[in-house]
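Shown next, in structure tokens, is the structure this report addresses.
Order of writing sets the chain letters: A, B and C. Residues in each chain are counted from 1.
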């Protein structure tokens, strides 16, 4: 596990409202400095000073979509790495259209998602059910590799065994707990942490490091938790205690 | 107490920003699959796949109100049960107008509220003070019964003793803890849970089951909590452990 | 430490999305009644019944800025004290312009901020890095005093040692824990609590009481916390248990 201790990367987060507090605490816990915003009028200013960006499409509206385009434009302009989390893509055409447009136009450094989501983005028939994945990661590996190659990106798929690929290399993380899927925005948090690592590591290594710290902290937290409420709290504790 | 274990109902939540994380965790804990959104452009897509809907007016803006109308329209179109939580109705004419219009136009399956709120909706003079009820549930029973009959809905009023009625039948839940009123969005959570049960039970039974699990979990959580911070955490733990 | 027990002040909060749940729980814990809203159409109604207001610029958008102006206008109209938290001022011109305009036009009762923020508002060259302060409080004292005098307000600067001044009087709070800076929206919470005290105390005394209870609760919470996740929970517990 690698913690960001030598630098305090500023990570701009355009994320859904549920994830904002939890993800900001996770980023602070690993030594990053989060800014949560989706205001299109300040994205150029923020990306100039930021070290990386995460865009999460979990709660869309027109203003937020404008902020996403402004942020991704500025990330390209200033050469800052950025991560997309295509939450619930496939559940509505608004989500699918937004995710596809952002990926196609602005070439994310990392696509951080679940199995259903990468299958939808890849164009493979699959089952979706709301925003939770109903497909196993194993079924999504081929899609992830092809998508990574086609778009020149890294794909990090979370699940029982996480799978990370840049189309050529691949890695697995055999850590975590099934209870993590019962804590909301845990996946969003993985995306934010991958964005923090993308500020200090190359894309593939950043995604592996991000998924690894998620699994390590989640597994340790689950071991001391009575239920899913305390799991969320203990997870932040574990992140903040990791060396 | 009945937990939703045989099915994983997809519950669309248009709710206030405070409640989003807590309510999503509560829904995951009882075995539902929450989608938090208020984007009017995806409501038809989401309600087609959803099993139920909750609309909570706690944080209004024009975009969110547009989302509420789109969601309720789609709920009627696809025959999905839906719950309204008229948070703070009476505190501003914007809240009152929005709640009355949604109820009148789209006929909610369940109105989940506190005593002051149902009295305001019924048109009975009462005291309100911000978004917290200052009237006892007992005073609101007649209003709740009349309102339920008049609108063909179920009314579930939370308080020291919860009261649920469809205008003819009535039920009480003698559970919970006074500390629950000191944890924000606990009432919003009751509404979300009633919506989850409305996906698998008839309206009156759903409201009773929802209020019952709230009271059971809240009482057990209060017994192990030092203060209101740990109560919120323990409450989610209890929901996730309930059989 | 002074807890608001004799009155239940209604505090209207226009705050960022991350802070809403945590701050509402903090206000409930100390005996206040929070309303979280940024809808410009209800601000006149809400401020009429409210006892105080806090405006926090942490997550801006055009609708929310409209709500801020409507709220501050109504606070002046009804003579209600109000607190501004200029989160991340200096990080973008949108933040700086919004904060300066609100302060200049509507004369806040208390400016609650960190060292970098008051230095930016004062016009003194300083280092900023995202939304976290990188300047020590000691360097900001002169700026705080001058700004307080110039704008007829109280300035409360949080840091290792908090500093509160109305330009003439000054106070220090030597409490708290360095871990508090690793819990997101802890500063926002200080602003909300100062707003609650401003409903029952004169401005300078309110700011001192607010910073004092923050430090006392934070220090006690840190002593029982394993990491920053449990610190957030224990902090609310401490507030709710304080006499």
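Just so it is clear, contacts are C-beta pairs under 8 Å (C-beta built on N, C-alpha and C of every residue); 3 or more make two chains touch, one makes a residue touch a chain.
Since this is a predicted model, take the numbers as computed values, not measurements.
> Rounded to a multiple of 5, how large is the rotation, in degrees, that superposes the C-alpha trace of chain A on chain B?
So the copies are related by a turn of 120 degrees.
> List the interface residue numbers of chain A and of chain C, divide the shared ones by all numbers used, and answer same when the ratio is over half, different when under half.
Here the answer is different, because the shared fraction of interface numbers falls below one half.
> How many Å are there between the centre of chain A and the centre of chain C, using C-alpha atoms for each centre?
So the centroids are 31 Å from each other.
> Could you tell me which residues belong to chain B and also touch two or more other chains?
17, 21, 63, 232-233, in rising order.
> Within the complex, which stretch of chain C touches chain A?
Those residues of chain C that touch chain A are 16-19, 21-22, 58-63, 88, 91-95, 129-132, 182-185, 225-230, 232-233.
> Can you list the chain B residues touching chain A in their complex?
Against chain A, the touching part of chain B is residues 8, 10, 17, 20-21, 24-25, 28-29, 33-39, 41-42, 45-46, 49-50, 63, 67, 232-241.
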